[in-house]
Amino acid sequence: MTIRLNGDQVELAAPLTIAALLAHLKIDPRLVAVEHNVEVIKRARYETTVVNEGDEVEIVNFVGGG
Amino acid sequence: MHADSLVIAGRTFASRLVVGTGKYPSHAVMAEAHRASGADMVTVAVRRVNLSDRSKESLLDYIDRERIFILPNTAGCYTAEDAVRTARLGREVGLSNWVKLEVLGDEQTLFPDNIALLEATRILVREGFIVLPYTNDDPVICRKLEEAGAAAVMPLGAPIGSGLGIQNPNNIRIIKAQARVPVIVDAGVGTASDAAIAMELGADGVLMNTAIALAGDPVAMASAMRLGVEAGRLAYLAGRIPMRPYATPSSPTTGLVTSGAPEQAGA
Amino acid sequence: MHADSLVIAGRTFASRLVVGTGKYPSHAVMAEAHRASGADMVTVAVRRVNLSDRSKESLLDYIDRERIFILPNTAGCYTAEDAVRTARLGREVGLSNWVKLEVLGDEQTLFPDNIALLEATRILVREGFIVLPYTNDDPVICRKLEEAGAAAVMPLGAPIGSGLGIQNPNNIRIIKAQARVPVIVDAGVGTASDAAIAMELGADGVLMNTAIALAGDPVAMASAMRLGVEAGRLAYLAGRIPMRPYATPSSPTTGLVTSGAPEQAGA
Amino acid sequence: MHADSLVIAGRTFASRLVVGTGKYPSHAVMAEAHRASGADMVTVAVRRVNLSDRSKESLLDYIDRERIFILPNTAGCYTAEDAVRTARLGREVGLSNWVKLEVLGDEQTLFPDNIALLEATRILVREGFIVLPYTNDDPVICRKLEEAGAAAVMPLGAPIGSGLGIQNPNNIRIIKAQARVPVIVDAGVGTASDAAIAMELGADGVLMNTAIALAGDPVAMASAMRLGVEAGRLAYLAGRIPMRPYATPSSPTTGLVTSGAPEQAGA
Amino acid sequence: MHADSLVIAGRTFASRLVVGTGKYPSHAVMAEAHRASGADMVTVAVRRVNLSDRSKESLLDYIDRERIFILPNTAGCYTAEDAVRTARLGREVGLSNWVKLEVLGDEQTLFPDNIALLEATRILVREGFIVLPYTNDDPVICRKLEEAGAAAVMPLGAPIGSGLGIQNPNNIRIIKAQARVPVIVDAGVGTASDAAIAMELGADGVLMNTAIALAGDPVAMASAMRLGVEAGRLAYLAGRIPMRPYATPSSPTTGLVTSGAPEQAGA
Amino acid sequence: MTIRLNGDQVELAAPLTIAALLAHLKIDPRLVAVEHNVEVIKRARYETTVVNEGDEVEIVNFVGGG
Amino acid sequence: MTIRLNGDQVELAAPLTIAALLAHLKIDPRLVAVEHNVEVIKRARYETTVVNEGDEVEIVNFVGGG
Amino acid sequence: MTIRLNGDQVELAAPLTIAALLAHLKIDPRLVAVEHNVEVIKRARYETTVVNEGDEVEIVNFVGGG
């Protein structure tokens, strides 16, 4: 299946939770925030929120800024 | 001095200097500059995780979160919608509900779009955010932001990164005279005297990034800015002498051992 | 920082701030302001002993001579002859051969008479004095004074006691660029940012009296001036960012989570 | 010079100076000052007819309507609704559909409420008005006003009647660089050089009232302002020399009849 | 206006603008610029005749000597002796005994050597010259020059050719307040508003060369300078309004046709 | 009847047109504008617009302003 | 005898040394400087320099100045 | 004979007056001033002042300056 991840098309084997997606990407969930179809997902819901074909996911973190 | 802390939305900051985290030569230099600045609040931007290169160190590893409060910004947003969305994401990363709210209206000047800024402020305040909006040096929009629930107002001194210094001191003074929330001069400072001037005008704090990060020696400049902010604050509290067009002598004008010229009397 | 001391005529001063002893509300306040200022050199005037009222405490009782070097001035003198005579008396009281040389040319402005000043400098240098002349912000006269043997040159920023700040920054910058002796900005500072500006222009030190002594709170202002001088010095050494008429963003202009408006690219 | 007229909404004005009609010592002095100013557009306020005292001469008797175009303002209005209502009344009196649109946001500064101003601009443009809004020196709001159909933008130089001169020259320059409609600096001018500076920044015109009406000699000051505006405009068009920190000689450095000192070569 | 002529040493000049003859793109442009400037006094330098190339047109062919008084200078001289020698030669060419006296002290700034200047002034006054010395903005040296018999004093606004404008307005104001001979601001003007500012400070005239000769369009800039000088002079005579930190309305605050909001009363 | 004229209560004998009101007040209609119940009245309608009991009328002119 | 002391006429019984004059005036010699007929007198010479009828003496100290 | 003319060595056939020198150089005497051995020569003396071997002569005019 294909999702849109941080603006790019990405292929994934099958639907998976946000938690699984982060683990797959080797991203520490404590340092990022995740949007699923333009809705911010609280950390408590990472295990229960499922990413499906065609979904949009944004994973952001803090970078240097002023 | 302890009594002279900066208090925003009930939170006390020991330092009146707020600094950024962008554009430093390295994370290590940034961390050292942060220490030198004495700042206990720093701004960060919210951006997509770089998925293609996970090797980069995290910015957060270089911020002493024990001591430093992190203020996410909405830099780069040109609509209220984008700024609100970015603020929500920043809250989720940062575990705090504070936001330095930027809604830009122009790419050349990076001046705010005050109408969209006000709209975004209203939305975010309603959602429980502590909103610190970056605005221009307009007392009217500052009052509207305050009425919309902004926890502070952050008028610009000059365009972001320009280093021009406080372009309109009279406006900063007026904004402070009218405001019932803290006034933080945000953007435009170029050197330490600019920071001092901002504080002498009555500002409650100064926020800067480029002036430190791109200085020849960012750590030394961070110290200079800390001193400049403290100097300006103390001078403001101490009460400066009035300006006079002519001189007034510092030494006594009588008791001189001299040939008795008449002009001594008046000197 | 230790390496950044001010050295005049081979003598090292920890502080680049020189302060006066006139016009304070009281000797006690002066002593406290001196401590707050961090200055290790203060100026004093030479005047006739008050024979009719001997009850007055001596100024010297309030100056920590262990820590503070005393620099007698020739304030109030309007001829080279009077200034030389006063300098000689000051040397005899003070047990040092340093003098802040003033030869005034005008009562309203207290601006120096540079011709008489140069003449007095030559005489006193010949007599073994360490001469620090108060002059105006003229690079040509500063060079002549240096050639005449002045140990430092002390151009004014504005009329004595006026608090107007540095009226002609370009001249101070030029004087510093040409001088081979220390440049001390003497007179005209009104508040802490003025002191910072003087140092950012490259001055080696700042001398002031009225701005501290007549401030609302002289002790707080003395602290502010100490910080201002240090801030300006550090900023000068650190190297400030260039001024630009437009903005340059502090946060990255890519990686935003937004609706993809085209203007983000340029921000 | 004929080609350098000011054109607003298709109407050509010979003068780039727009003056007011308030606060003059008398109507007669006003009329003479108008002549001296060379202005062919003047602003007027819309107010209730004084029913209890009909003896007062009409302002219009003192305006040479053959030569001078009358621009009604909405001064004193603090809401879009009031400004629109006043504009409509002004149109009915004046038989023209032009309006200097003021929507104030603050009594102390008389700074505009830019949000209400934008709203009123949209309404009046829709009703066929030629709208010249008085705004602050914010390039973003100026662009919004232009997009809303304003025939010119009129950023303030300083608070109305303050005489402080152009407080933020950089902003006026930026507004002009971005604008596609004429930029008239409205408010804040105190003396002739202020008017010249506004024009040298690229402004298309200057609007003022107090600086002339309350000058010691309003007629002489009106002449001075006319000359100042023309001087600044011409200097802007001529192209000024760049600023340099050091000197460059005006006379040849060779061919001197002198004792041949080496420094002549470099002079 | 006729009564407001500039009178130096008993000679009346219709214009308060004095211009130079150096650095123009061509003699023809210079002549046109002179006409545009309205000046009736121009400066020239004294240099060796070019013996190897006699084809060059004479400068004097391009100066309307019926209308324009020629003021030879001693530009490029670094000693009193050289300046005196050059002045004597200039007198012999020019058939007048006037001289713009320059004795330079520094090649970078072209600032005067005031000591040598004073000496040369004394010599030339004794020889019957009408001496107009170029000096720095020091009230004390200006008074000494006046006492030595100078027919006017010509303090600099900024380094020659720098275009920086009046660097120290306070000093020019003080010099004028003290002087009993005309004060001509000589050097440093960059654009028309600078000339206006000099006149608003009370100067009796302005002398410039580079700002016109090297402008993009020297003839247009010459007009601009003429207008700028006239504008500044008129504004000075008219008496400007005082500066205020806040606004004062230009239109009546009563009689508005509005919804009766309380804020109208105070507007 | 009573109307509100320029903010003040004014007594008039009977309903009258704007034109008549201006004539009554000795006001030259070419130098003023008139609002009737918050609506601007064009000059062409002065003869036909009638002011009745309780109406609000505003009559304005140009005064000095900046 | 009369001397001129700090600009004023002062009566003294007889010629005396600078040291004696200072003692008479209760002035601590370590805090002042003394001019005798417009010549600065070093402290080492206070015991040997005599003030006579008509002499001018100046005694100065440090006061607050800038 | 050799003279120093405007700083350069110049050969001339024989001593001559200032007037003759200017004529030789085709210089209009009304537009210049002449120094002879560091002394300014008035125009009235051009006919009577003789330039000899080794003399220094300066001939100056007005050029553009500020």
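Residue numbering begins at 1 within each chain, and the chains themselves are lettered A, B, C, D, E, F, G and H in the order written.
Definition applied: a contact is a pair of C-beta atoms (placed from the backbone, for glycine too) under 8 Å apart; a residue touches a chain by one contact, two chains touch by 3 or more.
Just so you know, these numbers come straight off a predicted model, no measurement behind them.
Asker: Hop distance check: chain D to chain E, minimum number of steps through touching chains?
Answerer: Minimal hop count between chain D and chain E: 1.
Asker: Would you pick out the chains that touch chain D and also touch chain G?
Answerer: B, C
Asker: D-H versus C-D: which interface comes out with more C-beta contact pairs?
Answerer: Between the two chain pairs, D-H has more contacting C-beta pairs.
Asker: Measuring centre to centre, with centres taken as mean CA positions, what chain is farthest from chain C?
Answerer: Centroid comparison gives F as the farthest chain from chain C.
Asker: Using CA atom averages as chain centres, what separation in Å is found between chain C and chain F?
Answerer: One centre to the other, that is 71 Å.
Asker: Where the CA atoms of chain E average out and where those of chain G average out, how many Å apart are those spots?
Answerer: Here the centre of chain G sits 55 Å away from the centre of chain E.
Asker: Rounded to a whole Å, what is the gap between the Cα centroids of chain C and chain G?
Answerer: 34
Asker: Taking the mean of the C-alpha atoms as each chain's centre, how many Å separate chain B from chain E?
Answerer: Their C-alpha centroids are separated by 43 Å.
Asker: Which chain F residues sit where two or more other chains touch them?
Answerer: 35, 58, 60, 63-66
Asker: Which positions in chain D are in touch with at least two other chains?
Answerer: 20, 22-23, 45-48, 73, 75, 85, 89, 108-109, 111, 159-161, 164, 170, 174, 209-210, 213, 245-246, 249-252, 255, 257, in rising order.
Asker: Can you list every touching chain pair?
Answerer: Here the touching chain pairs work out to A-B, A-C, B-C, B-D, B-E, B-G, C-D, C-E, C-G, D-E, D-F, D-H, E-F, E-H.
Asker: Okay, in this complex, where on chain H does chain D touch?
Answerer: My answer: residues 35, 58, 60, 63-66.
Asker: Flag every residue of chain E that touches chain F in the complex, lowest number first.
Answerer: Those residues of chain E that touch chain F are 249-252, 255, 257.
Asker: Would you mind writing out the residues of chain E in touch with chain C in their complex?
Answerer: 105-106, 108-109, 111-115, 118, 136, 138-141, 143-144, 158-159, 164, 167-168, 170-171, 174, 178
Asker: What residues of chain E sit close enough to touch chain D in their complex?
Answerer: For chain E paired with chain D, touching residues are 20, 22-23, 45-48, 50, 73, 75-79, 81-82, 85-86, 89, 104, 107-111, 159-164, 187, 190-193, 195-197, 200, 209-211, 213-218, 220-221, 223-228, 230-235, 237-259, 261, 263-264, 266-267.
Asker: Can you name the residues of chain E that touch chain H in the complex?
Answerer: Spelled out, the residues of chain E in touch with chain H are 20-24, 30, 43-49, 51, 54, 58-60, 70, 72-73, 75, 85, 88-94, 160-161, 207-210, 213.
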